[in-house]
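Structures for review follow.
Each of the next two complexes has chain A plus one more chain, namely chain B in the first and chain C in the second.
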Partner chain A sequence: MSDLAISAVVRQRPTIAKWMGALFNPWPHALVTILAAAVVSYGAVELVRWAVIDATFRAATPDDCRAAGGACWSMLRARYNIILFGSYPPEEYWRPTATVLLVLGLLVASGFRTLWKPWLAFAWVATMIGSAVLMSGGLPGLPDVPTSKWGGLPLTVGLSAFGIILALPLSVLIALGRRSQVGVVKRFCDAYVEIVRGLPLLAVLFVASTLLPLLLPFGGNVDTVLRAQIALVLFQAAYLAEAIRSGLEAVPRGQSEAAASLGLPDGLVSRLVVLPQAFRIALPAIINTFIESIKDTTLISVIGLVDVLGGARGAIADGVWMGFYGEAYLAVGAAFFAFCFILSLHSRRLEEDFARERR
Partner chain B sequence: MISRTRLHGLVFVATATAIVMWLSFNFSANLAARGMTIDFGFLSAPTSFPIGESLIAYSSGDTYLRALTAGLLNTIHLALSSIVLATVFGIAVGLAARIGHPLLTSAAKTYVEFTRNVPLLLILVVCATAVRGLPAPRQAWILFDGVILSSRGLYLPMPVFSGGWALGIAAVILASTTSVVWKWSLRGRSRLGSFPFASRISLTFCVAGFASLVVWICLTTSMDWPRLTAFNFRGGWSVTPEYLAMMFGLGFYTSGFIAEIVRGSLAAIPKGQSEAAASLGLSTLLSLWLVQAPQAIRLTLPPLANQYLNLIKNTTLAVLIGFPDLVSVGNTALNQTGRAIETVSIYLLIYLSLSLITSMIIRRLERRAQVVKL
Partner chain C sequence: MNAFRRTSANLLGCIAAIAAAGALLAPVDASAGKVMDGIRQKGNLVCGVGQAVPGFSAPAANGDLAGIDIDFCKSMAAAVLGDATKVTYRQTSYSDRFVLLASGEIDVLVHDTTTTLNREGAQKARFTSPNYFDGYTFMVAKSLGVDSPDKLADATVCILQGSTFEVNTENFFKSRGLKYTPLVLGTWEQLDAAFFGGRCDAFGGNYGNLAGSRAAHGNASDYIIFPEFITLEPYAPAVYGGDDELFLTARWVMFALVEAERLGITQANVKEMATSSTNPEIQQLLGKTPGNGKDLGLPEDWVVKVVSAVGNYGESFERNLGKSSPLMLDRGLNALWTKGGLMYAAPLR
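What follows is the complex of A and B.
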C-alpha cells in the first residue's frame, strides 16, 4: 500500500483551528456560541458568588449563613454525621466508617481483572459477614447497635454492593435456566425475569416488607435491612440475568460445539468455555446494572430505612437548619454523580478493551 | 428408561413444589398466629380520607375501590404527560447533539451524563422543593395571559365545548370519511399519475367540512379563564404543584435516556444516506425528516419502549413526593384498614398489566415501523 493510501486511512485528529471553526462556521453557529457563552458565563459568575464568595465555610449558626446570603457549607459541617451515618451512636462512628472503607476497597479490587481469582468470592463472603458483625456488634468490645439505628452511607454502599454480588450467582443460574432444554426450567426462568422486570422496585420493596415476614417460619422476625437486601437481590437478579443472557448469546455457537467435541460434559462446557466469555462480554452491562442499583438504593426510604439521601433530607428537616436544601442536595447529588460516573467510565473502558482484544 | 431432560424437569418440579408448599405452610401458620385473613371486602367499605387531586369525582366517604381507581387514573395521567414531556425534551437534546456545534454537543453530553448518574429520587425531591418555593397566589407569576404559576399549582385557560356530543360525532364522522377518501385518492393517483377528478372534488368537500367544523367549534366554544379569589384561583384547567414536580422530574430524568437513544440511532445510520440526500439537494432538515428519521425510528423503538416502561414504573416514586398516585392512595388505604397483603397484590396486578399493555402497544408500533422496511 502506498504512503498516500495509508495517510488517507489515518483519522485526522481535530485541531484547535478546526474546533474554533465549528464554533463560528455556518453563521447560525456563531449565534449559538455567543448565546451559550453569555449564559454559561452568567451562570458561572452567579455560581461562584453563591458557592464561594458569599458562602459560609467556618462553623456558624444558621442566622450567620442567612446574613451572608450565599451557600451555607457550615450546615454540612454541623450535620455531616446525620447524612453519613443516620442515627448511629456517635461514639461508634469508626465502625460504619470501617465497613464502608472495607466494602469500597473490595469493590475497587474487584475492578482489576488481574485479581479475578476464586479468593475474591471468599473475600466478598468474608466482608459480608465481617461488616454485618462490625455494624451490629454483639461481640465483646463492640456494643450492640440495632439495625433501626443504621443509616446513611453504610446502608447505601452495603445494600448496593452486596445486592449486586449476591444477585450475580442467582442471575447466572437464571440466565442458564433460560437456555435450558428442560421446558419447565426455561419457562420458570423466563416468567421470573419478565414478571420482575415488569414491576416497579417500590412495589417489590413493599412486597418484601409485607410478605417476607409471613412466608418465613418463626413468625417471620426478618430484619428490615435484611428485607430490603432480599428485595434488592431478587430485583437486580432479573436485570443482571438479562445482561448475562445477552452475553451468552454473543458467544459463538462454535465455542460450545468445539468444547463438546473435545468430550467435555455439559456442565464443564458452560463453566470453562461459555460462561467466562459471556461474562466478559456482559461486564459493561453488569456495571451499568450496578450503577442503576446504586441509584435505586435511595428508594429504601419507602420502607423506613435512611440512606444517604434520606439522611440529607433528615439533616435539614428539623427546625434548626431548615431551608438549606440546596447545599444538602448538591452535596449528595455530587457524591452520587462522582461515584456513578467513575463506574460508567470504567465500564466504557472495559468495553473498549474487550473490543480491541477480540479483533 | 427415562430421558435426562425429563429427569431434570421432574427434579425441578419436585423441588419447586416442595418450596412452594413450605412457604404456603409458613404463610397460613403465620396468618393464623396473627389472626389475619385475606379479604377484599374492604374495597366496598367507605373511606375516611380525602385525595389531593382526582380526575373522577371523589370525596372522603366514597368506597376504597373508588379511591384506588382515582389513584390509578392519576398514575396514568401523570405517566402520559411525563412521557410526552420526556419525548419532546429527549428528541430536542438528542438532535442538539447532532448539529455539530461543539458547545451544543458537550452540553447535550453533560445533560445525558447528569440524568444517568444521579438518582431519580434526588431529582424529584429537588423538584418538589423548588415547587414549594413558588410565590403565593397574590404574587403569582403570570407567564402569559391566563397562564398562572403559583404555590397552588399551574392554572391554564380551559376551552369549554358547549357543542356537546353532536360536535364530537360530527368530528369523528368527518375524520373517518376523510381518511377513506384520502386512501381511495392515493390509489387513484398511483394508477393515473395524478389525483382523479372525482377525488379532487371529494377532497375539496372534506377540506370545506373541516373548515366549517372549525368555525362551529369557534362559535360554540368559550374560554374558562382562571381568576383570583380570596386565597386561590378559580376556574380554568389546573394541576397541583406536586403533579408539576413529578411531571418535570420524571420528564427530565427520562429525557436524558431518550436523548441518548435518539443520538445513538441517528449516528448508527450510514453516513452515505445523509450525503446522498445532500447531493440530491435536500436541506439538512428535509434530509433529517425524509431520509434519516424514518430509518432511525426503527432502531429507536425497542429501547424507547423500555424507557417508557421505566417511566411508568417510576411514577410509583410519587408516594415519596406526596402526589396521590396508586401507591400513595394504596398506602393510605393500607394504613387505615391494615389490609397489607390485599393492597400489595393489587399493586402487583396493576403494574404488571400496565407494563404488559405498554409493551403490547409498542410491539404493534414496531411491527408497523418494520413494514416500512422494503
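What follows is the complex of A and C.
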C-alpha cells in the first residue's frame, strides 16, 4: 500500500454506528460491554466519592479527616515539606527549590534542538557544580547542610538527571568500543555491558554503599549521595550503550563507506556522519532509559537515602498524620507521572522534528 | 514477584555476608577505643537510625528526625561530646544496618533492633540494655468478643510476608492445637488496610507497630491488642565489637536514663538537682560526687548533659511513644521495675 492509501484509511473516522456495532453486536459483545461499563463506572464513582466528595481539604487535625471518611488532602498541606525536601532545614528550603528548578529548566532546554550547542555541555557541568554548592553550602550566606540532611525532590531529580547526563558520554564510548576492531577494547566493553545488565540495580546500589568503603583505600570518605550517583551512572551507562549501539547498527554501512571515500579520517566519520544518525535513531530508546532511571531512583532508599517516595513514607510515619497512605502515595505518583510525561512529550516532539527534517 | 523478592533478598544477604567478611579482613578497630577516638576527633557521632518508624525515628513537622531512638543518639552525643546536636543521622534500611555498623560507616546503631544471639555472636554487634521491650502479639476488634490469643481458634490472621512473624504465628497456633487461616501480605500498609477493611479477624505484629496502626485509625477504643506476648523483641542500641570504651558509654548512658527516672531527675530540674540535691545517690549520678565520669573517661557532668538534652527515660518514652504522643502506648513492660515493668538500671557507682 502506498503512503497515500494509508493516510486515506487513517483519515476515515469511525462513525457512531460503527462503534455501536463493535460494542453491542453480536449479543456476547453487548454483555461484555455492559459488564465492563458497570465495573468501570462503579470504580469511577467510588474514586470521585473518596477523592472529592468525602474528601477533606482544610482539616486542622487528622481526626477531622477520619470523621469525614474520604481522602485527607490537608495531610499533604501539612506535610508537603517532608515529601519534597526530607530533613533539609526549613529556613533553607529555597536552596533545594532553586536546585530543582535549575535542573528541570536545563532539562527542558536540552530538549530543544536549536540549543544543542557546545555551551549546553558547559551549562550542565556548571549546573552540577552549582547544585552541589547550593545544596551543601559552606559559603558565606549559605550555611553548611550535610548530605545526611538532603532528601526528597532534589535527590530524585538531581540523581536521575545528572545520572543520565554523565552516563551519556560514557555510553557512547562503550557503544563504540563494542564495535571496535581492537579485541581487548571490544571484550572489555562487552563484558561491562553484560555484567552490569545482569545485575539488579538494588545490588549495584548496595555494593556501592557498603563494599566501596571496604574495598577502596579512600572509599570511606566518599559521600553516600556521591556513591549513589556513581552507581546510577555506571548502571545507566550500560543500558544507554545498548540503545546507542542499536542506533549505530541501524546506520547503513554505505554511509561510513561514502564518508571514508571522501577522505574523512575514522574519527570524523564517527563524529560527523555515523553518530548523529545513530543518536537520532536511538533517541526514543535513550529517553525510555531516562524515564526508567527516574523511577529507579526510588531504590536509593535501600542505602538509606530519602527520595520523594522515602519522604512520603516519612510524612505518614511522623505520628500525627499516620495512616494516610493513599494520599501520600497518590501525590508521589502524580509527581513521577508529571516528570515522565513531560519527558515523553519532549521525546515525541523531537522525533517529529527529526522526521520533518528528513522529508 | 515472590520469587523475585526472595531472590533479591538472598542476593542482599549474600552481599551482606561478603561485606561482613570484608570487614573482618579490613584492618580496622584493632585497638580498643578507636571508634570513640574517631568520634572525638570528628566532634561528631554518626548514628544509624530507622527510616520512617513511628515513635522511634520519623521526621517531625520541620523535617528533623524525632523518636525514642533519636533521643538515644542525642544522649550519646551529649555524654561524649557535651552537645546533643553533634549527631549525623544516617538512615539505614533493615537489610544494610549491620553491614554499615561492621564497616564503621555508623558509630552507633539505634534502629528498633531486637537483641539476638546471632547478632552478637556472628555479626559482632554489642547491644546495651533495651531502650524498648517489644513483643509479638495480635490485635482484634473488640466486637469479635475475644479476650485472649488462646481463644483465636479458626481465626483469619493477617501476617507480614517473609518475616519471623509467620513462623511465630505458626508455632503459636500449632503448640495450642488450634486451627487458623493465615492471610499473608507483602507490606505493612496492605496488612493495615486488610485488617481495618475486615478481611481478617486478627492482626499479628509487634505491639508497638500494632498500636501505631491502631492510633492511625482514630478509633483506638474499638480494638484490643493482647498484652500476652508470643515472642519477646527487646529493642536495644548497638555498637560494633572491639571498642570497649564506646560500648561502655552506650551501656551506661542507657542505665543513666533509667536511673534518672527512678530518682525523679527530669529535664526541667536536672540543673538545680546537680547543685542542690542532698541525696547521695543523686550527687553521685550527677557528678557532684566525682568518680563515675572518670571511670568511663567522660566529664563528671555527663549525666547532667544527657538529661538536659532529652530528659529521663520516662520523659523520652512519654514524648515519643506514650500518652502525650499520637501512638499512646502504655508503659507496660517499659515501666520502671518499681512499677511492675522491666526497666532496671545497674547501680551507677
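Keep in mind that, in the parts below, the second predicted complex is superposed on the first by the 321 of 359 C-alpha atoms of A that agree within 3 Å, B and C clash if a C-alpha of one lies under 4 Å from a C-alpha of the other, contacts with A are read in each partner's own complex, and residues count from 1 in each chain.
In this section, contacts are C-beta pairs under 8 Å (C-beta built on N, C-alpha and C of every residue); 3 or more make two chains touch, one makes a residue touch a chain.
Remember, predicted model here, so these are calculated numbers, not experimental data.
Overlaying the two complexes on chain A, which is it for chain B and chain C: clash or fit?
Here the two partners, once superposed via chain A, clash with each other.
State whether A:203 touches chain B only (first), chain C only (second), both chains, or neither.
The answer is both, since A:203 touches chain B and chain C.
For A:304, select first, second, both or neither according to whether it touches chain B, chain C, the two together, or no partner.
second
So, does A:86 touch the first partner chain B, the second partner chain C, both, or neither?
The answer is second: A:86 touches chain C but not chain B.
Is A:182 touching the first partner chain B, the second partner chain C, both, or neither of them?
So A:182 only meets chain B here.
Considering only the touch criterion stated at the top, classify A:319 as touching first (chain B), second (chain C), both, or neither.
second
Check whether A:224 is in contact with chain B, with chain C, with both or with neither, and answer first, second, both or neither.
After superposing on A, A:224 lies in contact with chain C but is clear of chain B.
Applying the touch criterion given at the start, work out whether A:333 contacts chain B, chain C, both or neither, answering first, second, both or neither.
So A:333 only meets chain B here.
Looking at the overlay, does A:213 come into contact with chain B only (first), chain C only (second), both, or neither?
Both chain B and chain C are touched by A:213.
Pick out the stretch of chain B that clashes with chain C after the overlay, from 169-177, 331-339 or 349-357.
The overlap with chain C comes from chain B residues 331-339.
Once the complexes are superposed, what residues of chain A are shared between the chain B interface and the chain C interface?
Dual-contact residues (chain A): 200, 202-203, 206-207, 210-211, 213-215, 220, 301-302, 313, 325.
Considering only the defined contacts, which chain A positions touch chain C in the complex?
Touching chain C from chain A are residues 62-63, 66, 78-79, 81-82, 85-90, 146, 148-149, 151, 200, 202-203, 206-207, 209-211, 213-215, 220, 224, 301-306, 310-311, 313-320, 322-323, 325.
Could you please specify the touching residues of chain A with respect to chain B in the complex?
The touching residues are 19, 22-23, 29, 32-33, 36, 180-185, 188, 195, 197-203, 206-207, 210-211, 213-217, 219-220, 291, 294-296, 298-299, 301-302, 309, 313, 325, 329, 332-333, 336-337, 340-341, 344.
Contact residues on chain B for chain A in the complex?
5, 8-9, 12-13, 16, 23, 26-27, 29-31, 33, 100-104, 107, 113-114, 116-122, 125-126, 129, 309, 313-317, 319-320, 327, 340-341, 344, 347-348, 351-352, 355-356
Of all residues in chain C, which touch chain A in the complex?
Residues 8, 11-12, 15-16, 18-19, 22-23, 26, 51-55, 58-66, 88-93, 95-96, 99-100, 103-105, 189, 192-193, 212-213, 215-219, 325-327 of chain C touch chain A in their complex.
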